[in-house]
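Structures incoming, each one as structure tokens.
Next, two complexes with chain A in common: one pairs it with chain B, the other with chain C.
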Partner chain A sequence: MGLFTFWKNKKKRPPKRPVSQLWEQLRQSSDFVEVSFRVGGKELSIYYFDSLVDPQLLQERILCHLQNDIPKHPDVRLEDLQQIVPIQRIEVSEDTALIEEKVLKGFVAVTFREQPNKAALMSAPADNLGLRENNDSENEFSVVGPKVGFIENIGVNLHLLRRQIAIPNLVFREMAIGSVSKTKVVVAYIDGVANPEVVQTVTQRLETIHFDVVFDNAILDQLLADNSRTPFPLFISTERIDRAVYALISGQVAVLCDGSPYAVIGPAALFDFFTSPEDYYLPWVLGSFFRLIRFFGVAFSVLASPVYVAVLTYHYEMIPEDLLGPIIYSRSNVPFPPVLEVLFLEITIELLREAGARLPTKVAQTLGIVGGIVIGQATVDAGLTSTILLIVVALAALASFTTPIFKMSNTIRFIRFPFILFAAGWGGVGIAFAVCWLLIHLGRLQSFGYPYLVPFYPLRFPHLNDTFIRSPYSQAAERPQFLRPRSRFRFDPKEAKQKRDIDE
Partner chain B sequence: MRRGWLWIGALLLLGGCASSSRPIDEIQIIQEMGYDFENGRYTGTAVYPTFKQGPMTKPNLLTTTSPTIYDLIPRLSSKSPLPIEEGQLRLILFGKEFAKRGVTQITHSLARNNKVGSHLLLGVAKGSAKELLHITAKTTLSDTLYLPNLVEQNEQSMNLPKTNLHLFLYRYFSPGSDPFLPYFEKKGDFVKLEGLALFRDDNYVGHVSLRDAFLMKILLGETKNGVYQLKVGNRGKQGEDRVMLQNLWAKPKFEWKRDGSRHRLDVFVHIHASVRDYPSWLDPLMGKQLDNVKKKMENELEHNIERLFRYFQKKRIDPLGFGDFVRSVTKHWDQAAFYREYPDLDIRPHVTVDIVHTGIGE
Partner chain C sequence: MKQPIPDRFLISPFFVFFVVHAIQIGVGALSFQRPLMKAVGQDAWMVVLLAGLAAHLFIWLMYRLLSRAPFGGDIVSLHQHYLGRWFGGLLSVGVMCYYLLAALTVLQSYIEIIKVWVFPLMGTWQFSLIFLALTYYAVLGGFRVVAGLCVWGVVIPLATIFPMLFFPLEYAQYRNLLPVFDHSFGQLVSASKEMTLQYLGFEMLLMYYPFVKNAPSSQKWAHAANGFTTFIYLVIILISIVFYNQEQIQHLTWPTLTLAKIPEVPFIERMEYIVISIYVLVVFPIITLSVWAATRVVKQLFAVQQRRSLPVLLVILFIGTLLLQEKADIERIGQWTAKLGLYLVAVYVPLLCISVWVVEKVKKTLQQKP
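On to the complex of A and B.
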């Protein structure tokens, strides 16, 4: 608490603080630069942070023009600097808070001696300094389709969005969040498509956030969430531009944040997390097939090891007669009950995954091989687990990777454990109970106030054509109506269905 | 948070209500069970697989005797190192003597047992079930399920009509039909499927051959499979006068008529069959000869079916469920009255044979 009250107090300081006091405070830092000089009878000072400003811009655009052109206009005032300095949007302000904010974001403040309480703020930030240039999408890979992704620089990200949505309706609403970081956060939506209610909800929630440093969009994601106790991600976070653009044209709202290569998209429904942009790049039959495989993978991943536990502990009756031999034989040397066996292996795989994620890529590969092959083989040889379980668990782990959104695949990893415990306690009844619990929980979730389990709860038939299967584009003209978009169709549905071949 | 603890507490308490766990490697799974009655005592034989040497199974037997039936499994337990579980039972074999005394005690208990599937097979052994199970355990090296596989194979591609616990119970409880089961016999060191054992209520009363089982299979409305040999002439050497008929598709139709003071049941059977093997003198492509052969086949089939009906009527059993059919077409069907009339009922078979293919021509 103590730490935060300090910043809060600062924020509540009376705004009528003279600018000189600000300079006094900033001078404590060694990278704060203050240069005063005389040009053509004017005494002017420039203030900036060495670490934030691009020195080339500063020399070529600001210093050069100030030194050369001011002597030609002896009566120049701060407000007239726009005529001299070729820098866009020069702001002149008396507001100390604004000056402080801008200077801390890489602006150069210019003051004249005659107007000591006013400063002209010129933007010369070193935007790309220290940020990566390469914008391949690294974590959401697809074979077909563009590989460009968002990067840490929000300016680039906005540019990428605007490049694909070339209509005036694309609106970026900017705000600064974080009492310390003052991170630039942009709410993007398409006016006339997105429901204004959603936009209002998003902006309202963003405005009421009290936080110090926004490290990543993932933090905003959590702060925006309707329910913070659920393991399920309530918003899609993606680094793919096509995905973000698709969401925008469907009437969803994207939140971008400086310093984060992810866009947070909402309102999202559960089934959005299992669609991949690749579904739309492949012919619809293939896209639908792969999507169904993905759903199967999720169900398998969640249920495989619990079912193993339940069947081997309680329901030996339902093992097919041909499977009885292999299962009993492979279990006969295992000293643990099936639950412990499963937990042991599941946790081993989670450890491998966690260790693989924390290590540098090259070491991680070795670790995968050592862990996967050596440990797997050795545990079976040592009689700690059965071979069949090893296959089941490995398949379940594999299946959980098919989820395109990383946050959802984490959730699936997690969900499995309560299922295993329920299966161990009550067998098949326990699994049924856990499934019911999961469905009830999902049914109650909301994303920006919109139902999470749509189109199943509430049931929305037209939207089913883009849930389990991916319908052909001639059928996909309608935007998902549960988002209550302002405009109903993405393109003319009648024209889309027409065949234009001359055929007589 | 208090609610969370309440949940966890409730779950923990509820955990005590779970049925006790039986991990699969800590139970003795029995897959086949035999019941016999000898010298006033019941004998139970259980066949269980052991998996210790590899995924291949080795059938083992446990036998015990007891003056009562219910006591058999507890007595078997006293010979087994692991608790005996009957959830994977695939076949129950009754000795003939046991079956004559009635199988209700077993089937009633199975009907109520939720561990046992209704797909469980039942069968009757000529002689002792114990002996038959011993033979199967000896002749097969790795397969505990010799008998169930034997039955299933014959049901799926040969003459045996479908039987299992569910159908047995259905026919047993149904007022208009009687159950039947596969009938096994010991032939040297092998077990042979001999036909169908017929029951009145739950008592074994007789059996029919596998050849007659084909007729029963057709009359029961199982439309496919089965082979039947027919005599079509007396020319040529021995074996040269028969055709082998393979059923492709058959459909029985029943008609219940009042004929004066008596009732008459007409049974129409339409068989689409292919001729699998035929004597060399018979050229099936020649129309007239074919018609002739067809006629002979129909006559012989009708004759055999009629013989089967007489046998059922003599034994006062109704494995084909005529009673059920008549009940479905009469108001106020009276079980007792129907079966009083049954032995003298006029049942007439009418068979039509259509020969669909005859194999590759010359």
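On to the complex of A and C.
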């Protein structure tokens, strides 16, 4: 059995087989349970997976009622079980494939002797077994605001979304993806706000996905992407409820998947990745200020070490006299050219980060201190790097972590390296080349067919009020128009903008 | 009948502002003061205004011409429609050569600046190769990506380089502007020829006109762009006049770059390195758009895919930069481009405009007679 056998299976569907054959196949596993008993002259069989079914539900809702109530109704048929068993949506089916799918998702199949090819499917899954109950959204932390995050159970996630969007227009469209995992994937959008074209693109792309196991939404994220050869994330993935709700009300579409505490949101623009929900919880002046700091952080993180390389390799005339002293002093013992020096330190920091992420939390802290302080100090003492560079690289690493979305901060750390190489090759002109290359690349990217650089290119003036600065709510009534939402305003702009005269 | 270009490849009329402006301001903005002030001294700013007005006129004429163009909307289809397949095709090839020459001029002049100011020992081929590789990547993205580059090529330099120009005013001698009207009108007009290369760039409209949504309405943006270009040149020339004396400026090839040496910031010196670096963003859109226009001509004329013709044109440009490295050569190419461009916008387009007008008139009367 190869990894890609699902391709072949897909092409030639096995011919329709009887239900008994399915039971035969499932009996191979030890956790498959088959119970047959007689009640009131009826021969019943119950089939389920012990590992998937909640035993309490099974006993109290199914077995109990079957045993007590069937004797009262001697000619009950499978189709009538809904009247006896207090479980929602009992399905009766002859379709072996459907029975198989349901039993494998934690349903209990009940059959009667008289109707051997039919089964009543009752849902009794142990939904939360083995999953965590809550998520403090630690990976996208904010000091102010709710700390509830999505969890691995999609039912709970949908519940959390619906709690905040209490309008009938919120639509969940469900589908199963993955030839092996049959993962439940839900497309969420607000009907009448989200552009139907986007919804269609998303559903269409999801439907054409061929994959075996959907481990996480991140896999869907990659399979949905317009361009797979870019380091930039094309969709926001968030574990915060507020961010997902905000995206839905601005007309974006969210994709949730069972077993993943992340929602994938698109179409996303580059600037969406630098906004944090906290911007909206703080007063707009402060929110804007911190957002600007974040943008500065990104620019600094990408450009700091390349500029160091460029200036110290080619343009030392640019260093003013007063600054020249400290730089000469700190670099006089360093035997390497600036590029090697920078690459050495950058890679050290990447190593620290990677090791810190892979180790258990407690060890990681120690490692951070040992790596950061001891190695840093030692390299400077040994004359491998200059102190000034140590500051530059550490600050750049720090700045790259200000990005609220983890995927984007990874990207920023990655694109620094081509910049350093360009700077080493052609100095300041090289950095400009790299910037050009970045701009072209960003200009070519699309997210669900929408340009990535919006609202800068194509320029949308009204939407600029929520990019570099976060404008006050009275100015933010309009939804971002680049998403072509069906309805234009989030709330009535006139009431929000009403101004009172002095002393009135 | 050709298909109209799908909506998603078009740009909105407003972006014509950025595209026209980005292509107009180029390497010339660094060096135009010397020849201009040699000819008319402190009255150079009038020449800038005069040439700007002339450019307005030519833009107006060009829009008159293009609004008459049949279905394709660009100069190639215009040629084919009015001048026939062979003669029109020949002229279209001429236009394509002009676009390539324009790209070559800009590329060469910029590489020369890099070599003189920053990297005297590095080979031309390195920079040319990087530029052309980036051009390849950008043009593959289509016209929208190229137009996007033009936006960045306007916004970023405007935010970074432009403010630097005002630092030298600290040492300004405003009396340098006097006496005003020291030169005759004839002198001013003949000097305005020196400004040709600086104002050229709107002739790319001949190719990308059909890529503008609701194209005729973009005319005001094209004029606004030209007005803005005039304003920027005016600022540069005024600052140069008050900062330099006329003797001094004759010894400077790139007076604008020398202006950029003046700003002083505590943590950085020699700002001209920054200016030269950021100038990549000014130069690059010009090269990309010219190459894009050339590939577009090839596509319209010979039905060759742009994807195919692009590498060929880039190789031609690369060889061109390798062969013509001497300063004299670069100057000569610049003069050719200026001359050709001037003939294109000031002689050829008006002539074509008139002939199209006449042809339409004749057709109309012929139709009415029977």
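Throughout what follows, the second predicted complex is superposed on the first by the 487 of 504 C-alpha atoms of A that agree within 3 Å, B and C clash if a C-alpha of one lies under 4 Å from a C-alpha of the other, contacts with A are read in each partner's own complex, and residues count from 1 in each chain.
Rule of thumb we're sticking to: a residue touches a chain if its C-beta (ideal position, glycine included) is under 8 Å from a C-beta of that chain, and two chains touch if they have at least 3 such contacts.
The model shown is predicted, which means the values in this text are computed figures rather than measured ones.
In the superposition on chain A, A:71 contacts neither chain B nor chain C. Legend: residue contacts after superposition of the two complexes on their common chain; A:196 is shown touching neither chain B nor chain C.
Judged by the touch definition given at the top, the superposed model places A:427 against both chain B and chain C.
In the superposition on chain A, contact of A:443 is made with chain C only, not with chain B.
In the superposed model, A:453 lies in contact with chain C only, and not with chain B. In the superposed model, A:319 makes contact with both chain B and chain C.
Residue contacts after overlaying the shared chain place A:462 against neither chain B nor chain C.
In the superposition on chain A, no contact is made by A:116 with either chain B or chain C. Within the superposed three-chain model, A:435 lies in touch with chain C and out of touch with chain B [touch as defined at top]. Comparing the two interfaces of chain A, the one with chain B and the one with chain C have residues 314, 317, 319, 426-427 in common.
In the complex of the two chains, the chain C residues touching chain A come out as 11-12, 14-15, 114, 118-119, 122, 126-127, 130, 134, 137-138, 141, 144-145, 148-149, 151-152, 266-270, 273-274, 276-281, 284. Considering their complex, residues 314-315, 317-320, 322-323, 426-429, 431-433, 435-437, 439-441, 443-444, 453, 456-459 of chain A touch chain C. Remark: chain B residues 11, 14-15, 18-19, 21-25, 27, 29, 31, 49, 51-52, 54-57, 85, 87-88, 90, 115-117, 145 touch chain A in the complex. Of all residues in chain A, those touching chain B in their complex are 311-314, 316-317, 319, 321, 324-332, 334, 337-338, 425-427, 430.
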